[in-house]
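Okay, got some structures for you below.
Below are two complexes that have subunit A in common, paired first with subunit B and then with subunit C.
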Partner chain A sequence: MSARTLTINQTLVSAREGESVLEAARDAGITIPTLCHLDGLSEVGACRLCLVEVAGSSRLLPACRTTVSEGMQVQTDTPRLQEYRRAIVELLFAERNHVCAVCVASGHCDLQDLALHVGMTHVRYEYLAPSCAVDTSHPRFGIDHNRCVLCTRCVRACDEVEGVHTWDIAGRGVAARVITDLNVPWGEATSCTSCGKCLLACPTGAIFPRGSTVAEVQRDHSSITRIMTARGERW
Partner chain B sequence: MSKTIIIDPVTRIEGHAKISIYLDDVGEVRTARFHVTEFRGFEQFCVGRPFWEMPAITARICGICPVSHILASARTGDALLAVAIPPAAEQLRRLMNLAQIVQSHALSFFHLSGPDLFMSIATEPGQRNVLGLAAQDPELVRSGIRLRQFGQDLIEALGGRKIHPAWAVPGGVRSGLDAATRTAFSARLPEALATTQVALARFKDLLEPLSAEVASYGRFASLFMGMVAPDGTWEHHGGNLRVVDAQGHILADNVSPDGYAGLFGEASEAWTYLKFPYYTPHGYPEGMYRVGPLARLNVCRSMGTPLADAELSEMRQRANGGPVTASFYYHYARLIEILAGLERIGQLLADGQLEAKNLRADAGVNRFEAVGCSEAPRGTLFHHYKVDEDGLITYVNLIIATGQNNLAMNRTVAQIAARYLRSDRLDHTLLNRVEAGIRAYDPCLSCSTHAVGQAAFELELIGADGTVVDRMVRGK
Partner chain C sequence: MDISELHAIAERERARRTSIRIHCCTSSGCMASGGVVLHEQLTKAVSAAGRQAEIETVAVGCMGFCGLGPMVVVEPEHLIFERVRPDQAAELVGALAGKPCSIERGDPQHPFFARQLPIVRRNGGQINPERIEEYIAAGGYQALYHAVHDLEPNEVIEELTRSGLRGRGGAGYPTGLKWATVAKSRGERKFVVCNGDEGDPGAFMDRSILESDPHLVLEGMCIAGYAVGASQGYLYVRGEYPLAISRLQKAIGQARRLGILGSQIFDTAFDFKIDIRVGAGAFVCGEETALIASIEGRRGQPRPRPPYPAEQGLWGFPTLINNVETLANIAPIINGGADWYASIGTAQSKGTKVFALTGKVRNTGLIEVPMGISLREIVEDLGGGTPDGVAVKAVQTGGPSGGCIPASLFHTAVSYETLAEVGSIMGSGGMVVMDASTDMVELARFYVDFCMDESCGKCIPCRVGTIQLHRLLSRIRAGEASRAELDDLEQLCNLVRDTSLCGLGQSAPNPVLSTLRYFREEYEALCQPEP
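Moving on, here comes the complex of A and B:
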């Protein structure tokens, strides 16, 4: 596999052919914020937090879905990108009902961490305050759509790691919701193996162990990577 | 022409309130109304949440007594799970509730009511606060602050934080208390006990010079309700309810918390968001009852610990043996409860089982409706939930101590006004007296209306024709 040399934030970086800009940056110790990305899962480029500026492109490109090329010049942290990222995080908060003070994942939440990372002090947009359901029909887990950011990490973990595809998305735009099977209550989703990988993948408190209380949900997202790595080594 | 006096806002209470004093045609006080003017709607927006989250959500009703809501809610959750929680968890919850009683009572006595008790009634309102008292009597205030700190630190050691510790959960608690921490708190107990005993001695010295206030700051017959242990001793968590009348006759006894609806109704009035619970067999408003420190001491047989029992006997002797009907004695009762709390904390800290690993019972949803109850510092607190088969809340009713004292607080204001209002004009002295009378109940309005509160006080004087004759505003 041949190497590619590119410049990220004025630093020369060496990357493997076919690697994404996100991977190359992380290998070089450069942090690009992400939300829908999870090591071990495929990339969907949905959250747009990893958008970077690439010389010669008039558009911003998602680092997770952009392959490195020789001589590529990338900027990951310009004022424009910082402003966009902050706006994206604010819009996520405005779209559903994220109340950290009483959330099961408070203190262990990727969205909360992101808000701190991008310097969100308040939300400039009007809250939509949608009426979202909570589904605790599953004996072990619950899904609170108030806290879902539609990153689809649960959908991909279920499909790609567990190989079941219980989770999917129904609806469009702000009306989109993650669903189990053909939009039945989770407890009635016969395909679900109750493995809990969706819980491990979830970045917020949307998917939680049933019976959890505030700040109690601590997950190890890297479990997904470990499973995929082990599987690669064995097969 | 009759008139109305309005005090708005009421200060040094937890919340925002307004008081109207109504005069009749000859200028005598006809009645008084204690208005709570804000509204939050907790009972509505909890609907749809998993009941396991309720301790943490309802804790947010109040920053002073979150522990009371956490414990009442967790207890309701235990009943929905239909479990008996591990014994160590039960003891740990009791320990936290005692710490809460100590810290909240210390706040009420030293920080909020201290200026009323130990400063002249004529003191200018700007000076009549804990800072003014600290300038006059620094050791009293310093020791009171440290006493409150003791309770708050113990809550933090148990729950990880002083305010809103999401620690008690349906089925038990999240963590125990190790030996080193228990030893450290035991070492702080003597100072806390000494502070309480000094405060008791100083309070008793006031009873003679303030005998007019004792007689007029809410001295009337009423019922009293509180929790007692099976043997009738003072209880704050896990006991059953007892109702006594002003002569000490037991009207209802050994009533489990889910029997509250059979005993108490709730009336509402258009002029306040605070409801009026009453003892149903006596009707509204004759079924007026009081809860809180004084009520708990009136319903119990004894305190169950030596120092507190000696003080209880003395208090009862001062009140000629029967139930104490003067609300001024709420302060007295509060100090005795601090003493009892500290003594019981000492006993619990010596208990090695608080380190147990098994602190949380696990179960599914086994009941669809439950009532949980705990003695909050201000009185008996009820949480009543209904859930669906997945454990999602469909109905919430919270019965708060301050609400249960609502009728008595109105009566107290009317009594003070009748005794001290000398004209159809308000002055700072009357304002101070009315506020001090209300403060004996240590009302928490953010809790009682589950409403957003700013400490503020408003007093209005209203004539017989409904016109506002005079008005004073303070705080805000």
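Moving on, here comes the complex of A and C:
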């Protein structure tokens, strides 16, 4: 495997061929905010938080889906990017009902961390305040659509790691929802093995263990990664 | 099958024809106004007059002047009859024997016809799209024969590149370059996909081509397959186009029976199959990566590019995706030559473009005009201006991805570059004419509403940004917003445009940005006065 040298924020960085800009930046100690990305899962480039400026490209590119190339010049933190990231996080907070004060994941939530990271002080957009269901039909877990950010990490963890594909998305636009099996209550989803990988993957309090209360859910996303790497090493 | 058989079919077809042909449009537009019944009645009227030996009635495809349908044209004299009712069938046939006739007559020299340059619509209104013999008699499938027998794949691509043809699906990507990329990409298999999703509100150019001349598109796909090295093609047509689908199915069956599709086409080693895939009517499925997902049987959602479909498309194999109208240009280019095609249009935009002309304009319908024609000529000469003679205010091109061009810029020549310069796009060909009564803020809100509904929801800026845009526009429209919020509107537009994943979100703010650019005073008039 050959190496590539690129510049990220004026710093020369070396990266492995085929690696993403996100990986290269992280190895160099440069943080790029992400949400739909989770180590070990395929990249969908959906949340747009990792967008970076690349010299020679008129469009902003998602660092998670952009492969490094020799001599590439990347900017990850320009005022424009900072502004766009903050606006995207605000859009998310305005979309559903993210009331941290009563959320099981408060304090252990990627969305909260993101809001801090991008310096969000208020939400400039109108809160859409949709009425979303909470499904507690599964004996061990629940899904609260009020907290879902549609990152599809649960969908991919279930499909790519557990190999089951219980989760998917139905509907489109803001009406899109994660569903289990053919849109049946989770407890009736016969494909679900109750492995809990979706819970580990979920960045917010949307998927939660039943019986947990405010700020109780702590999870370690890296366990998904461990499974994926272990599999990678074995094969 | 060799070339002499192709000629023989054409010969037989010409010999079979009667001296007078009554062409009656039975495509979707005229069908809705009674074209099919009219065709039946005309056939009966010819029998009743005992003139079957010299007159035949032909159910043809769209002639373009859909606003005046059902249209009937009698050849070879080219007599045009407009808005013909089924009960007028006998009168029309009588008119051919010199009897008096009260049916509205069209003028073939009318600028609506005279200013057009039909290339892809050449057979529209001339042939029965359900009979391959008529297509062959009109010179059909000779380009394919010539390509597979006399040209190397790279020579076909070379010809296309020299012709200057660019994609008619909206973005105007050079077709020759796209074909060359797919041809050079390595893959065990390759695919050709025809994009017939046509989801823009108000657009029906592709439907008309598919309904009126399905073989022209099949021939383009076959030539594409030969050039890029694919043996399978998919025609993705939206489910709302049942007539197009049934005519395509017939056309594929007929071509297969003659050995023009399938294995060893024209007795060469080239195999090519075409299957139809029916879309379920989501606008986003016209986006190429979403379309691919849809054909693969997955949720129709875009994915980031690169990799482009030319390298990794259907099931990961190199895939050529072209629009219906793009593919309809292929056979004419191979027949007429690159030099002929490149002689039409402007320096960067060659050939013709089909537009669906609608709105506040006297003559509505489909027009095929050479690139470089000015918007004024289209609106005033072909379109005949507004019905009540009031001034035209603007035209909207490119549908929900496009923008409004004010009348002061009507000298703009139609080309990919010039339309982009004035803040719109060529798009797939919707063209809506507006007069002073059109409320531009409401217009922008209409298109944003469309994009909001059609957003797939995958990426945040488009999913949530479009609904926030809609909320803001609604507030402005209701007189609840302050002037400062116009800046918020513009910022939100920039965010959605710059950060969305696919073209839907990236272009959704265009109708807002272009109306803000040219009609800002209409927005300001709705805003609350500064305190």
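Worth a mention:
Operating definition for what follows: the second predicted complex is superposed on the first by the 235 of 235 C-alpha atoms of A that agree within 3 Å, B and C clash if a C-alpha of one lies under 4 Å from a C-alpha of the other, contacts with A are read in each partner's own complex, and residues count from 1 in each chain.
Keep in mind that, in the parts below, a residue touches a chain if its C-beta (ideal position, glycine included) is under 8 Å from a C-beta of that chain, and two chains touch if they have at least 3 such contacts.
This structure is a prediction, so every number in the text was calculated from the model and none was measured.
Once the two complexes are overlaid on the shared chain, A:126 sits against subunit C while remaining clear of subunit B.
Contacts of A:102 after superposition: subunit B is touched, whereas subunit C is not reached. By the touch criterion defined above, A:56 reaches neither subunit B nor subunit C. Legend: residue contacts after superposition of the two complexes on their common chain; A:214 is shown touching subunit B, with no touch to subunit C. Within the superposed three-chain model, A:172 lies in touch with subunit C and out of touch with subunit B [touch as defined at top].
In the superposition on chain A, A:136 contacts subunit B only, with no contact to subunit C.
Counting residues of subunit A touched by each partner, subunit B versus subunit C, the larger count belongs to C.
Subunit C meets subunit A in the complex at residues 282, 284, 299, 303-304, 452-461, 463-468, 471, 488, 491-492, 495, 498-501. Subunit B contributes residues 48-50, 52-53, 55-57, 60, 164, 166, 169-171, 174, 362, 364, 390-392 to its touches with subunit A in the complex.
Across the complex, subunit A meets subunit B through its residues 101-102, 104, 133-137, 139, 142, 187, 210-216. Subunit A meets subunit C in the complex at residues 44-48, 51, 59-60, 62, 65, 84, 87-88, 91-92, 94-95, 124-126, 128, 149-150, 168-169, 171-176.
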